[in-house]
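Next up: the structures, one after another.
There are two complexes below, and they share subunit A, which is joined by subunit B in the first and by subunit C in the second.
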Partner chain A sequence: MSGVLWPHSIWLQAAALAGFVLGGIYAADLMERLLGRYVAGAGVRAGALLAGPFREAALLLSQQRSRTERPDAPAWALAPMLLAGLAAVAAGTVPLGPSAAVAGVDSGIVLFGAAMALVMVCVFLHGWSANSFAPLVGGYRFVAQALSFEMPLALVLIAAALPAESLSFGEIVRSQAGLWNVVRQPLGLPLYLVAALGVTFQGPLATPDAADLAGGTRAEVSGAALLAWRLARGAVLVAVAAVGAATFLGGWSGPWLPGPAWTVLKTLALLAVLVASRHLVARVRLERFVVVAWAVLIPLALLDVFLTGVFLL
Partner chain B sequence: MGLKDRLGRLAAAAPAPVFVLAGRGTARLAPALDRLALDPRLRFVDSPRQANVLLLAGGAASRLLRPALRVHDQMSRPRGTVWWLPGEERSPAALRLARTLGLAAGDLVDPDRPDHADPAGGAEAVARAIVRRHRELVTGVRATEPAVLPDEEPAPWRGVGPFGQGGEGMMGGVPYGRPMAMRGPDLSDGLELDRLPVRLGPFYPPLPSGLVLDLDLQGDVIQAVTVGANPFDRPAWRGDGDRHGRDGDPFAAALTRPVPLAVLERARARHHLRWLARVLALLGLDALGRRVLGLSLACAPVTARVADAAEGNPADDLEPPRRAVEDLARRLRSRISPITPPWGLAGATRGVGRIARSRLAGLGPVARAAGLPDDARSDDPAYRALGFEPIVQRSEDAEGGDAWTRLLQRLDEAVQALDLALRAARAGDPTVGGPGVVGSAGRAIEGPRGRLIPGGDPPSARLLALVAELLEGLEWGDAVIALASLDLDLEEAGRGPLPGRTAGEREPRRPTRADRTHRSHRTRRKGEVA
Partner chain C sequence: MSPSDLTTDLLFWLFGAGAVVSGYLVFRTDSMVRAAYWLLASFAGTGALLLLLHAEFLGLVLILMMAGEMTIMAVFMVMFMMNPAGLNPMTMVHQHKVAIAAGVIAFLGLGAVGLLGEFPERPLPETTSVDSARITADLGRELLGESMLPFETAGVALLATMIGAIALASRKGRFGTADAGSAAPEPPEEERRRREHEGSDDGGHHHHGHGHDQSHEHGHGQDHDHGHGHEHGGHG
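Right, the complex of A and B next:
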């Protein structure tokens, strides 16, 4: 079945993955708009809602890029591209169906973790290179945030790799044939979602781009550069949600529907959770988050690894 | 049709990105500005870089002109301006500025034109002007506005210093035009780190409009603060004493003439909810903020003008917003059922912006949030007849009060104000204030920011004196929330002494030069609020 639905050519696979990521970005944007309208108590017009992301993209393309005083121009232009590249690497490790991922390497977890660690460099570069107050402080904030969520992120992925006896996402999905990790490792998904909010600077952890910095790292960006940055961030969001679906929700496995359809549905479900936080949870105080991450989240993540080991013995 | 045209048409259909600059007299434009903020055809953005249209709202205070033009030049192209300029603010200087920006007659909207007199009409006229400007810009019908100010270095540096780059040897000076970050001891542990000098304001969206802060930052921790001169400061001898009331503030109006209690309480509920909407947006909950802003508009006195509002205020429309506000207050407070959003508000605000109780006398909700039963309404017979009791936050956290108790306090007071307005409608519409009532010493009107004493300083001026001390040592995010929790209005602070006479004073006299000097000394002394 999967042979029919999952092409063997690497180019077709890459095209399918690109469609998956772009569709995910669009879906995430729609969900955010829809929930925002609902929370604001405003009406929704289907036409305006569906066209909204395209109109905004066209608007950004019609704006010129802004110029600050003595920016680090190459680094400023590089940051969104680098972030998009990391998103592509992360998305490449995700097995959409049983046959393979685009980058179906044996150590998918390591590749994904490495890509997510480098997000810190991108966001800091983006903030620092504008040579302006708010983006710089936004960059500092993200470094503090990233140093706090990286450890829990790595630990919950390791806990998921233990029963699979492999670092490949494909094996992790297969190891959940009997019982999904979300049940087997109840600490895993909640911790992963917190780290996912951190790495995509979404909702309560949108500290580098927050309203109290008038937009933070994106405060001085406009036009196509802003569009590129938002698309790259959206791609990271989709990749992180897809990895979450593979690691904790059994990936492509499920009855009736073909494998890739299950991957898409489960990814959308996690995207909805991540995006909903944008309108439901207030921005955290960064100092508090750092304390909670080191004093609570990391010990919980270690407990997750420990309990998984105990059950395996 | 080319790709460029297609893109232009698609972009023209997007909500117009607007950056708002609030000038002088915006208190009167507030209801219409809030309608614009909720208008689906527009999107208020928090950085001029992302705006196509600059909305100048109100008059051009002379000290705001240059900063406003700087914001204009920071906008990305294509850019255009719409100026919402009341007739009384159409000074020769303002019209010169309009010519400099190349504004057409259609870009200047007068809120006082008969068809714009009610806020919905004014908002609609401005919204149309903005949308038209936005569409003209993205479809290329009208050219982008050029930069107005010359592109200059912030400080001369070429050829200065031993290396010709503005520096002084290894450290110091203004390398490439900016002051160098010099070392200084950290406030918390004395560690010597670089201190970055930064000036923010008067149009930095996270700060109250008009506030200028000179900061020394280590990372995002504020090491030292200097509050800049208030750009809205008007010389006391220019203009009449009723400047507060004329600008649409019913509370100040009540110092000189009777105002229906229902009008005051509706205005109070609207004021507090408007504040809450802003704080929610600063905490990232802008969608919820929009809902609250809509509720605040529903609470407002029926028309914007105090004089018109006095003619009648049917209270039947108040029940739905009252229920909604009460529901929100209950949801925020409930600790046993944390299943309903919004989450995390307490965590983001608790412990932020504490001020010693002794400094808070007469500061209304900020004082009552700290547990002080300080409310001028307790002494007013009209309020006592309606069974008024001041609301005071009484938790162990209330020592000195923080942003969280201030949030709860204002939400509770909004519910209470709507209750009072409903009760007043049933009790024959009593009035409050007027020269007879407040003429005796000790009587005052309770404004939404605190006690209004005839001839005294407005509460915002007293709150402004607390700012520098409050911000020192805070992280930037906490500093923004702490500032917002005070509910500063620099324009109110700049209007000078409140109208009305204190007991014993025969008639308002024109202040002499000696008075003015005395006043400026007095407002500068920090302990005065206590």
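Right, the complex of A and C next:
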């Protein structure tokens, strides 16, 4: 089955992955627009909706780039590229189908964790290097936020790796053949989604680029640089949703449809949950989130690991 | 997934030279954040070398840990050194004689270990597929078996260091809260007379008058306001 539906060549796999990520970015943007119109009680015209992301991209491309006084120009230019690279690495660890992931390494969750840890470096660098007040505060906010959600993120992935007896996402998907992790480890997916909101800094955890900071880390960015930053963020969002689908929703497994189609559907479902939070959940104060993360989320994640271990023994 | 010998050699020299050059740049740059991230680049090159040695888990964990460590280090240095953003140019090398002596001794010592020490001779298998999961499992058994005592000792030492660092940086200290407790510099005579005249002390919530914007950010400034009063003459 996989031979027909899933190419074996690494280049074709990489091309399929790129299509998956770009399609995911587009789908996430459409979902946000649709939900925004719905929440606002406004009507939806299909043509305007579908063309919306492209129009906005064209508008950003035609805008002038803003400058600040004595920024760290190399780091400022590097940050979006680095973020896009990290998104590609994170997406590469996801097994879209049963054969393999593009970067189907044995230590898949470590590779994904390393990419997510480097997102902190990216966002901080992006805010810091502009040499401007609001982006700098946004950068510091993201460091506090990232240090708080990294531990729950790592712990729920470790809990998912325990029954698989492997650090690779392929084995984690195979270990869910009987029962998906979302049922077997009920704490896992909610904690993962909180961390996913944190790492993609949106919805309730959109603290580093919040409106109360005049845009925070992206306050001084415009034009093509802003488009690159937003595309990179979208790619991270798709990668995080795809990893969640593989880790907790059984990845490619499902009846009737071929494997990759299930991966796409489950990823879209998680994308919808994450994107909906932008319109449906209020932004939290960062201080409260840090306290809750260290005092509640990390103990819950430890409990998740402990219960999984007890279940396995 | 089987890079030829030439590719491996090229990658080795690329990452090795990259690690050395970025390590050198740590001392040539003029900002704490840049220095921290050059060090991160150096560690990432070292992690890539570990990947080339098929130590997949070790290489990835090195990069994962260092991403967080270097950012935390940069933020702590900024907090302790009273340099609000780390953007202000400042020299990154101090105490030249001691530093040069320590550097030379450390280099000679590590070089002697590298050249004269006896290492186990276990060449990688010639096959293209290396069972990196087994290598990771062996590492885990080593860490929680034979080497458990040194491993756990290092862990406890690191934990103590972390608690110490948090105590030093925390808002609530022995001498009051960090943002209210440190003594403000003595205001000029006429300023003090004007304040006494107005009687407008708002209950110990001093603004320190260091002249940078961040001192007005008490609302959500828990990241960067703790350094007041520490390490005033720490650089220069």
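In the analysis below, the second predicted complex is superposed on the first by the 313 of 313 C-alpha atoms of A that agree within 3 Å, B and C clash if a C-alpha of one lies under 4 Å from a C-alpha of the other, contacts with A are read in each partner's own complex, and residues count from 1 in each chain.
Heads up, the rule we're going with is that a contact is a pair of C-beta atoms (placed from the backbone, for glycine too) under 8 Å apart; a residue touches a chain by one contact, two chains touch by 3 or more.
Computed from a prediction, not measured in an experiment: that's the story for all the values here.
Enquirer: Looking at the overlay, does A:Leu189 come into contact with subunit B only (first), subunit C only (second), both, or neither?
Expert: A:Leu189 sits against neither subunit B nor subunit C.
Enquirer: Of the two partners subunit B and subunit C, which one touches more residues belonging to subunit A?
Expert: If we count touched residues of subunit A for both partners, the winner is B.
Enquirer: Give one of first, second, both or neither to describe whether A:Ala161 is in contact with subunit B, with subunit C, with both, or with none.
Expert: The answer is neither, since A:Ala161 touches no partner chain.
Enquirer: Figure out whether A:Leu286 sits in contact with subunit B (first) or subunit C (second), or with both, or with neither.
Expert: Once the two structures are laid over each other on A, A:Leu286 reaches both partners.
Enquirer: Classify the contacts of A:Leu61 with the two partner chains as first (subunit B alone), second (subunit C alone), both, or neither.
Expert: first
Enquirer: Name the contact category of A:Tyr140: first (subunit B only), second (subunit C only), both, or neither.
Expert: Touch status of A:Tyr140: both partners.
Enquirer: On the A-aligned overlay, A:Leu237 touches which partner chain: subunit B = first, subunit C = second, or both, or neither?
Expert: It touches nothing on subunit B or subunit C.
Enquirer: Applying the touch criterion given at the start, work out whether A:Ala219 contacts subunit B, subunit C, both or neither, answering first, second, both or neither.
Expert: first
Enquirer: Residues of subunit A that sit at the subunit B interface in one complex and at the subunit C interface in the other, please.
Expert: On subunit A, the overlap between the subunit B and subunit C contacts is residues 133, 137, 140-141, 285-287.
Enquirer: Inside the complex, what are the residues of subunit A that reach subunit C?
Expert: 72, 75, 105-107, 110-111, 113-114, 117-118, 120-121, 124-125, 128, 131, 133, 136-137, 140-141, 143-144, 146-147, 150, 166-168, 285-287
Enquirer: Which residues of subunit B touch subunit A once you look at their complex with the stated criterion?
Expert: Interface residues on subunit B, with respect to subunit A: 7-8, 10-11, 13-14, 17, 38, 40, 46-47, 49-50, 52, 74, 76-78, 138, 154, 176-177, 196, 198, 200, 204-206, 217, 219-220, 280-288, 290-291, 294, 341-345, 347-348, 352, 475-478, 480-481.
Enquirer: How about subunit C: which of its residues touch subunit A in the complex?
Expert: Answer in residue numbers: 31, 33-34, 37, 40, 56-57, 60-61, 63-65, 67-68, 70-72, 75, 85-87, 132-133, 136, 213, 217, 220, 222-224.
Enquirer: For the complex, which residues does subunit A have touching subunit B?
Expert: It comes out as residues 35-37, 39-42, 48, 51-52, 54-56, 58-59, 61-66, 69-70, 133, 137, 140-141, 203-204, 206-207, 210-215, 218-223, 226, 278-288.
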